[in-house]
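The following pair of complexes shares a single chain, chain A, combined with chain B in the former and chain C in the latter.
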Partner chain A sequence: MSSVVARPETKRRGANLAKWISIGVPSLFFGAFFLGPLIYLILLGFWRVENYRIVESYSFDNYIDIAQNLFAGSNYGYAIAQTLYVAATTAIAAVALCYPMALAIVFAVPQRYQRLVVLLAVAPFWTSYILRVYAWQVLLARKGVINAALSYVGFNEASIEFLYTQTATRIGLIHYLAPILLVILYVAINNVDRTLIEAARQIGATRLQVLWRVIVPLSRTGIILSLSFSALVACGDVLSGSILGGGAGQSLIGKLPLFADMIIRAYTSSTNLPNTAALAILLVVIMLLILGVAYWLTERFRINVK
Partner chain B sequence: MSAALQFAPAESVAAEPVDLAKPVPDLALEGIRKQFGDHVALHGLDLEVARGEFVAVIGPSGCGKTTLLRIVAGLETPDSGLIRVAGKYVADQPVHKRGVRLVWQNYALFPHLNVRKNIEFGLTLQKYDRKTVNAKVEQVAELVDISSMLSRQTTELSGGQKQRVAIARALATDPEILLLDEPLSALDAHLRIRVQGELKRLQRRLGISFVYVTHNQSEAFSMADRIVVMNQGRAEQIGTPQEIFQSPKTRFVAQFVGMNNLIDATVLTAQPGFITATSGCGQLSARIPPGEPTPQPGAAITLVVQAAKIRRVRAPDRQENRISATLRDREFVGSQVIYYLDAPDGSEIRVVVQEPFGNLEAPIGAALDLYWDFDDLVVLPREATP
Partner chain C sequence: MSDDQTVETTTVSSAVTTPVATEKPAGLVSRRTLLAGAAAVVGSNITIINKSKAATTLKVLAWPGYDEKPVVGEFEEANKIKVEFKNYIGGEQMLQYFAQVPKGTFDAIISDAEYIQKFVAQGALDPMDPKAFKNLADYHPKYQNFPLLSAPEGKTWGIATRFSCYGISYNKKHVSPEEVDTWQCLLLPKYKGKIVMFDWYLPNMSNASLAVFPNNEAPYDITDAQLAEVKNWMMKVRPQIRSFAAQNQGLVSALANEDALLTPYGDMDIEMTVAGYDNFVSHIPKEGSIRWTEAACLCKDSTNKEMALKWIDYMSGAKVQSNLVYTKGFKARAPNMKVTQFWNAEQTKLMSYVPDPAAPGKMIVETMIEKSYPRGLPVKQPDSAWIGIYNAFKTA
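Up next, the complex of A and B:
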């Protein structure tokens, strides 16, 4: 075959190799450090403990045990309900707080300072999460900074019970999530075509109408992404729930622990690792369901911008 | 006196006696000035648009035409100057109460709404009942012939259909004036011709004023009642297409519009209505239209002759406005041929011949005798060439 024909052949082969490397390396990494442990966890959930030793025999015993303990004994069901409630309210509050701020960065900050402002908004993310959680403990404690300030102003009797409630859990989570949400929402809002905003104004929309009828709908993918991301993080997080929420903090639906907190307690105190693994798998399934709902919502409300 | 007139500065009201016989223009701009940093986008522009008039604003990019449109639309605030819409000063009015609607170049349709929701957007912002809204939507959809597409997504539409939706959306709120920013630039060539005709018919039927910004001359000439030629933030000339085409008033207009030859000359003799002048191309004579000042002998002038008005002489019977030039190149563009010739002083003379390979046909390098009628020369005072 002549070299004229052979040349594009080798080129394609090179491109193929590059393609396989670029897909293969991340796949290997993903497989070794995510899929592997996950499969092990799933398998572990089906094993059992005999004489303090893990036995590889497959059964649904762990899951049956969990099912029996949903609303009795360990009361996993109530913890799951608390987790879902705290996660949902945290997600909504986090987006409600971050959206106006992202809006302000996009529309009130001059273009050339926007990157800097976003960078500053993300700055708390560089400090350790656990440090921030402890800092909040100082602020929220019964004799903490906030209550001290309240009594200084004259509300002597009004010492508010923040710490060891799920409100404190949410505060810790929102502080953790805010930098990430700000970036997601900033990008989403910044991507809204400015001529559409001008067009809406020109046709007669007030600023508020532009917000509700153009900016919010056109940034809804970012909103859904932020909500689901917040909910997922809130479901899996342990630190805020145990350090600020006190493990079983008070919320509107009761003084119940978070499910993640129960799992970590089971892990540290019990010797039944397979049973703990089954609990963890149950949390993974719940999170997958949230992810599924988020995906469905994104697809359902997708905007074809072409 | 209307309440809105109170917003006008006292001196401008006092300086302008109210002439009741004069019809109120739909749009009146007085001394509109706008500066962005060091760049002056508009140097005190005046313009009046009569009710139902189709005005095209043309000019090279960066001439300020889009800024002008955005100021009238209320999207930019002029640094100084007054804007009246249907006689009312609008400076203190919110954008949407000005009775002016803009149709964007990229249509700016809301991608999250279907065609119907796009059209009714402006109506649903106010407190109209559903029935009124639907009736209005169907009426304007009918007007631009998109009644069958109301439930479609905007992404399913072609460029021409998107534009109709954009126009329908603007018309739904009953504007006094429709502003169009390069509305045809995103359409392909043959569609553009069709839409030109449709736009013009639509404007006639609606009887509202259109202000149309474009960089495309043929669009402007084929549709507009009046044309504003802009350059560097100033209106160089405002007039009917015929006036602009046949008697350009400035050097820029002569160069920008159509295909003209500009010949710098000095006046030799002057009688009322007629001059002779010397130029690098020889002695030329021109008629001065009645009402225009006759330049004095010695005055520096620029003579303008359309490329289509130049003919070839075969017999030496004509003496005035006759030059001999060397054929350098020819360009065949469909129905016409453009000939490029070198004048005796080295300047380029362009001649357009409608009939391909007609009487100008000669080998490259041939010397040709050219002439034009003295009625076809436009006399401009010489401007300092930049």
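Up next, the complex of A and C:
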């Protein structure tokens, strides 16, 4: 009986096929569901509407219109400033809140229960985002649950007016982001080499010193990833800004709408899809800049393991 | 309903039929056509009609509400036909849908009155004979001959089906009726941060136009200088605004929780009563307010005009309008004044079809009609100029 032995050439062909499939399928998916729509959105931004029909025109009219309305007329620039401010503060607050929780899971929870705790922490993610936003509306309203509780304990006049401010927007966003950030930060902290922590302790470092000089630096990629992810989500979100922020909620820089909210209103008011697409491209560019900064930071503080 | 009357229309978001595409022979679809088709896909969910079954259905482009069973069910049963609805949520969206489908796709349209002239200009509608609609005799006189429905050429292009008015809705525990008799109450210092506004430029700016130029029957037909005055007035109102709501829910929530005490938006007394709050009133200020109207229109390229006319006649009836304006999720007013025959006393009172103590011999709803002006579109400026001013107001 002779055994069948694959010839080297057949093996090579098989390996090549596997390589092309492994590259080709994701590429097709990426092309069809990300690159294609993005290219289409870019093209659409150059077109115009005539008699309620979209017409190809390849002009910069939409972008010129946006540029003219940056700090006059529609004041898109102010909305962009509000978005960047809310996104940045949301990202910092979300990471500041989730990092200690991730730390606690890694170092205070027995390892065999850690996955269960992470699963429980992520549980809110499986509920509808819009329901969570409406729930916060009930909690934060002037006659809502929080103020009712304050009144019950003696503060008769409701004193907290979070609703319809950008603080409420941030609360909605952080509630949305927290489960995702917890997972990212848990993985980042869990991957910190324990021998380095033990070594630091053995040479006399306090717990706080270990945290600041070992754990935080070694988990900074996760921190940067969390910050950039939070900022990107906050830039593109409409629901929290509209329902909790009241469309143009107060922040330190004024009562201004978020840019994503303005994009939605631009479309519903005029149904001018090319103009809306140009506004959306501007938002995409802002998001790419955020990603670029995150990438630069990650490279700048890359951990060199030798 | 037999199988051959089953719905053969599919609403999809991944396919589209555009006029350009249908005119080209198979295999000759150009890049331009493909891109235009894709544009339509992104801009709308287009209804693709199986034309072989089209005769067994009536196809209507309409606001939500007309497709509800208590509204359309009786017509479908009596005529053994299925009425297919393609819903839109805005006049501009309606025009865009209509422009992007082949001729003959729709048999009838429910249009906001101000957009009917645009349809007529496109040659999309057929005029109707008002004598054929016996229910018009039961309509409020202003709706028996409503200018926006009979222009241009004085022909009848639409039959009114429902309407309502903007105004000021307020919490009567904190706001007095005397104060809200003028739009200027929105500027009172004590209401700073106590106003919630529906987030749409058209009614807000036209009400502002009336506040600055009281009882102007054409608040949309103003000069650039007048528009600048309207903008100035709106800028004074801006610090008073606590929040903008994209939907009624946002208004209800803000009013119910007393985050806001008043809103320049009508009918919230009805919404709040339905939500369990009896301390809200709506009022049209002495300067007047805006009234929106929907009307049923006959499509010129309909292949089923006889049935379409029958449906329009049906929609003019008191019984169907009593259901149409009193759906679970949305309340409005009916131009057919005999709707009260189908309501109980509570409904009749809630909808304001009761005597007006301030105007003997009239119902409150009649006073509302007389104090309000039809909603229109900017006349002397492009829409974008008004939207720009509204954005400036919002970002001020």
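We take it that the second predicted complex is superposed on the first by the 298 of 306 C-alpha atoms of A that agree within 3 Å, B and C clash if a C-alpha of one lies under 4 Å from a C-alpha of the other, contacts with A are read in each partner's own complex, and residues count from 1 in each chain.
Heads up, the rule we're going with is that a residue touches a chain if its C-beta (ideal position, glycine included) is under 8 Å from a C-beta of that chain, and two chains touch if they have at least 3 such contacts.
The structure displayed is predicted, hence computed values, not measured ones.
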Please determine, from the superposition on chain A, whether chain B and chain C clash or fit. fit
Go through the superposed model and pick first if A:G236 touches only chain B, second if only chain C, both, or neither. neither
So if I put the vertex at the Cα centre of chain A, how wide is the angle out to the Cα centres of chain B and chain C? Nearest 10 degrees is fine. 160
Touch test for A:R265: chain B only (first), chain C only (second), both, or neither? second
Which of the two partners, first being chain B and second being chain C, lies in contact with A:A199: first, second, both, or neither? first
In the superposed arrangement, does A:V214 touch chain B (first), chain C (second), both or neither? first
Contact-wise, after the overlay, does A:G172 reach chain B, chain C, both or neither (first, second, both, neither)? neither
Compare chain B and chain C by how many residues of chain A each one touches, and report the one with more. C
Measuring by CA atoms in the overlay, how small does the chain B-chain C distance get, in Å? 46
In the superposed view, which residues of chain A touch chain B and also chain C? none
Interface residues, chain A side, partner chain B - complex: 193, 195-196, 198-206, 209, 213-214, 217-218, 220, 303-306
Chain A contact footprint on chain B (complex, rising order): 73-75, 95-97, 101-102, 104, 106, 108, 110-112, 121-122, 125-126, 153, 155, 169-170, 173
Residue ranges of chain C touching chain A (in the complex, touch as defined): 32, 35-36, 38-40, 42-43, 89-90, 92-93, 95-96, 98-100, 122, 196, 199-202, 238, 241-246, 250, 253-254, 256-259, 383-384, 387-392, 394-396
Partner chain C, residues of chain A touching it in the complex: 40, 43-44, 47, 51-54, 56, 69, 72-75, 78-79, 137, 141-144, 161, 163-164, 242-243, 246-249, 255-257, 262, 264-266, 268-271, 273
